[in-house]
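Remarks on the structure that follows.
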Amino acid sequence: MLADNLLSPVILAFVLGVVAALVRSDLRLPESLFKGLSIYLLLAIGLKGGVELSRTPLEVFAGPAALTLGLGLVTPLSAYAVLRRLGRFDRVNAAAIAAHYGSVSAVTFIVAVAFATGAGTAPEGYLPALVAILEVPAIAVALMIAFTREKRAGSWQDSLHEVLTGRSIVLLVGGLLIGWAVGPDRFEPAKPFFVGGFQGALVLFLLEMGIVAAGRLRDLRTVGPFLIGFGIVMPIVHGLASVWLAGFTGLSPAGAAVLGAMVSSASYIAAPAAVRIALPEANPTYYLTSSLGITFPFNVTLGIPLYYAFATWLAA
Amino acid sequence: MHTTTLKLVTIVTERILEDRLLRLITAKGAKGYTLTQATGKGSRGVRASEWEGPDTRIETLVGPDVADAIVAEIAGKYFEHYAVIVFVQDAEVVRGEKYL
Amino acid sequence: MLADNLLSPVILAFVLGVVAALVRSDLRLPESLFKGLSIYLLLAIGLKGGVELSRTPLEVFAGPAALTLGLGLVTPLSAYAVLRRLGRFDRVNAAAIAAHYGSVSAVTFIVAVAFATGAGTAPEGYLPALVAILEVPAIAVALMIAFTREKRAGSWQDSLHEVLTGRSIVLLVGGLLIGWAVGPDRFEPAKPFFVGGFQGALVLFLLEMGIVAAGRLRDLRTVGPFLIGFGIVMPIVHGLASVWLAGFTGLSPAGAAVLGAMVSSASYIAAPAAVRIALPEANPTYYLTSSLGITFPFNVTLGIPLYYAFATWLAA
Amino acid sequence: MHTTTLKLVTIVTERILEDRLLRLITAKGAKGYTLTQATGKGSRGVRASEWEGPDTRIETLVGPDVADAIVAEIAGKYFEHYAVIVFVQDAEVVRGEKYL
Amino acid sequence: MLADNLLSPVILAFVLGVVAALVRSDLRLPESLFKGLSIYLLLAIGLKGGVELSRTPLEVFAGPAALTLGLGLVTPLSAYAVLRRLGRFDRVNAAAIAAHYGSVSAVTFIVAVAFATGAGTAPEGYLPALVAILEVPAIAVALMIAFTREKRAGSWQDSLHEVLTGRSIVLLVGGLLIGWAVGPDRFEPAKPFFVGGFQGALVLFLLEMGIVAAGRLRDLRTVGPFLIGFGIVMPIVHGLASVWLAGFTGLSPAGAAVLGAMVSSASYIAAPAAVRIALPEANPTYYLTSSLGITFPFNVTLGIPLYYAFATWLAA
Amino acid sequence: MHTTTLKLVTIVTERILEDRLLRLITAKGAKGYTLTQATGKGSRGVRASEWEGPDTRIETLVGPDVADAIVAEIAGKYFEHYAVIVFVQDAEVVRGEKYL
């Protein structure tokens, strides 16, 4: 099963990207294409999720949604506590990193869905709605922690506007609403583009992600062993706990595994932008290296199979 | 040809500050600006969102007082925590009164 | 039927773009991608049209083609007359706007085809050839009006070169010729890309169109109530008249509706570029706001269903 | 190192004029030019085709007479109806004779 | 058969690009899109080739591979000899051009595969591996010739690093390895994107190739009649010889024809970059105009059908 | 506002030299640089790989000695065989000591 994940074109493309960067190849996706692919991927998962949502009864959706919201509020607190107590980070940097680990990485979500589907059991189709629910609260909570006691250089209203109107939320929520409004039939003509092309586009996207992540690797020494360990252990803790809790909301094992992957993942699109504005004193090297250089690679290779194995074991 | 000597203020900074700095220079009296995409390296290596795009390069032609005001405000507000560089040059502008 | 149009992913993506711009989201398709999509869409409709043309007898095509050419010559004159007499515009601005309303918006055409197909009756496949026929004459006519009496700042030879060698015409005419030359069988391998992906690509394109159009909305106050009214009533008049005339050339109701949408539409790619060069004195705020901020949104939401309803009513 | 002082003429204008202005500066005697994509804001908000791409930024290193000729021609022909800004600066160029 | 090739959308798109450039149209694919398409095409042929390789026994592959390597070492020498003896080129320029004609044009390869497939007989699926084998050796050999006797301005270590870590090799070899590792089943989800979209993406790519190649045409007068002749005759010689030799390695006629096209082709991505760095004294007008302005158009229009005809005639 | 006068060295050259020139200017003492994509025309028409992208425009703010060293090295090593242009201007920089 691990081999199934590691031998998928998506993961190997990520590895190829890392290798290309390490041998100092000139291979880079043009920035505008990378941005375009991220728009495509976010809109596609929004649309597909919305179409599924349109045929999901509210009572089925309510439990997982409430759980996701709760996890979005709690995980930044647990991450913050660990970073402060065990990691001895100052308040600002701890809050900055916590915002990332509370929020969610859409690409990790996508890879998890692809993995579960490849393993034979498609997770619930409405999960993208949970990604949207998970994205914002954690950032708000973490910033609130940072702003409670002291005056700060940045503005936290500015920052919230940044997340709420940011590309990820607009495309996810917008896509969900569109998909939900049009329903399966009217979505049909757009399917070859948004569904058929999806996996391949993801391969190209992860190729560039590998190049970007490799750029973070050289900072591993700067961030020190604690943050490296944090970037692996924290996701495992958050992920397994979420898988376990998900079982009580009626989510299928595949769905629980994907939710685990989501909660365990660290944001590297929405959160960095928001944190940069609200907490400019925080050091980007910490939060970018841990979320992008450690947690993301860990999750897409080893984490997702782990959450999936745990979910199926729980269900058995 | 009648020309005016104005100040060309060039700012290179992280993309995330673009909107904020454009509001700042407009508030200080700049009548216009020109933006180009840039990348760069200085004392701060890392950018908040690598795919938000790289840096932004802002040029604005202004009178000397406006130039001073812009430079002072940016230095005070952004030098400490953000990657930003500002420099000022002279430039001869035709019908430069328009930009004063 | 109106709901069918308004609830398509294409239209809702346009709305999402408008909303994203209004909440000042950072969502924007990278310029190069938007340009790339426009190249793809124009080439795709050219190719599909050409393939269809290769199996259309000349006598079937001749009538609609002649009508389209005629409408391309007449509509700039009617628009000019209205703008001068009722709108009290000066010659230059009236001619500039008339060039836009005589020419055609390829995206409106595409949306109309998608609408008619979605409504169950595919229009004639050779219609893209009519788009090519409709694009240029109106611009030439309108510029001729502007250049007859006075000396002008711009050059109208330059401007004609601009339209004739412009992206839209080269891709449309080039695509038509290629599609016509290769025929259905040899086009087969390129079909998944150009036909399968088409609707989805259109969704992405209209998302950005929404953002661009929203940027024109703030100028609505500048252009005044007359031009707003003109941007809605003129298309209705041109559109309904064309639908009615199309009936006499043997076009199916669906084809007539699409021709109506084409004729009613206002160009915002070819015409603005040509007019900017030939008539630099004309104020771009007038012609861009009316064509892009008023007529385009009106047509893709309400106009197309109206022309379609009229066409089916006429045929019944 | 032996250097020559030349004039650096910078023009920012709507994309649609790019070809025309390049022909103009070449005709006036410029031996080369550098183009970058730009966007900007000035007194004229609207661009003819938003997706034709934004503005263009043209730099050309020329002798003082050529600089004057370019500036005069652009001011005369394009200032009234188009979005365009032109400014001139000094620049030290190595082996600058090549550009005269 | 020639008509079959000339009337394909891919070739006609190339012609359209040339025409667009000649009438000075503003049509150009944005640079980032062109680069993105080239990344897509190279990765796609790598992946498809790797998947095929995973089910090809080594003994089937060994013969063609050895032949390809041999041709990669010999063809730069034959090209060099002709350029020095008959063309009276100096050592540097002769070596520079020879590097291009020994190496390979991936797009010519793709067009040849499309042609053979269209003609009804798909060539061996593992051929992309041969493209990777053919790309580098010729460049190394040609640079070695240039560096043996004299001191040079450029660095040939730098240059080799450039080719080996260049986009083409990383994507081709990386794609081959990924495709080989994942095998046909796990590649399935990425197929619509990488296989279904391939031909259409190629159409768009060749449109821009036409525009780029047309830009080289104005230099035809500069390079003189010898190089024009060389750009047509050398590929024919290399191509026919390769087709003939390929017959002895067990390659099918279609495969032999494609190998002929590969060997006959001149690189214009990897080689120019490497040569520019190793041999800056060489005049780019010579090597770019001959490879891109003469040999590429010749091969995709007339050359490929010729090699194919020869291969089927040999087999009959 | 306290400013320092530095040299702004601008280099426009073929993309293929980008990495090499960045190493060169860093080796000569530049503390940072700004890159923008450019295209251009000069005495050499052709670029080695048209789709490697067009030219690159490098700006670096440095002290006068570093400026001289950069200009001399580029002139010596690259002027003969490559498309490259270098020019130097004065620029007032706030907290310019950082770049020395």
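As written, the chain order gives the labels A, B, C, D, E and F, with residue 1 at the start of each chain.
Convention: a contact is a pair of C-beta atoms (placed from the backbone, for glycine too) under 8 Å apart; a residue touches a chain by one contact, two chains touch by 3 or more.
All of these numbers come straight from a predicted model, not from anything done at the bench.
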{"item": "Contacts common to chain B and chain C (chain labels)", "value": "A, D"}
{"item": "Between C-E and E-F, the pair joined by more C-beta contacts", "value": "C-E"}
{"item": "Turn needed to bring chain A onto chain E - CA fit, degrees, nearest 5", "value": "120"}
{"item": "Distance between chain centroids, defined by C-alpha means - chain C, chain F (Å)", "value": "46"}
{"item": "Mean-CA-position distance for chain B and chain A (Å)", "value": "35"}
{"item": "Euclidean distance of C-alpha centroids - chain A vs chain F, Å", "value": "40"}
{"item": "Gap in Å, rounded to a whole number, between the CA centres of chain F and chain B", "value": "20"}
{"item": "Numbers and ranges of chain B residues touching at least 2 other chains", "value": "36-37, 52, 89"}
{"item": "For chain C, residues that touch 2 or more chains besides their own", "value": "26, 30-33, 35, 192, 196-197"}
{"item": "Pairwise chain contacts under the document criterion", "value": "A-B, A-C, A-E, B-D, B-F, C-D, C-E, D-F, E-F"}
{"item": "List of chain D residues in touch with chain B within their complex", "value": "10, 12, 36-43, 55, 57, 68, 71-72, 75, 79, 85-89"}
{"item": "Residues of chain F defined as touching chain B within the complex", "value": "1, 3, 6, 8, 31-37, 61, 89-95, 98"}
{"item": "Interface residues, chain E side, partner chain A - complex", "value": "30-33, 35-36, 39-40, 43, 47, 161-162, 164-167, 170-171, 174, 177-179, 181-183, 186-187, 189-194, 196-197"}
{"item": "Chain B contact footprint on chain A (complex, rising order)", "value": "31, 34-35, 38, 153, 212, 215, 219, 268-269, 272-273, 275-277, 280-281, 284-285, 288"}
{"item": "Residue numbers on chain D that touch chain C, as the complex places them", "value": "14, 16, 45-54, 80-82"}
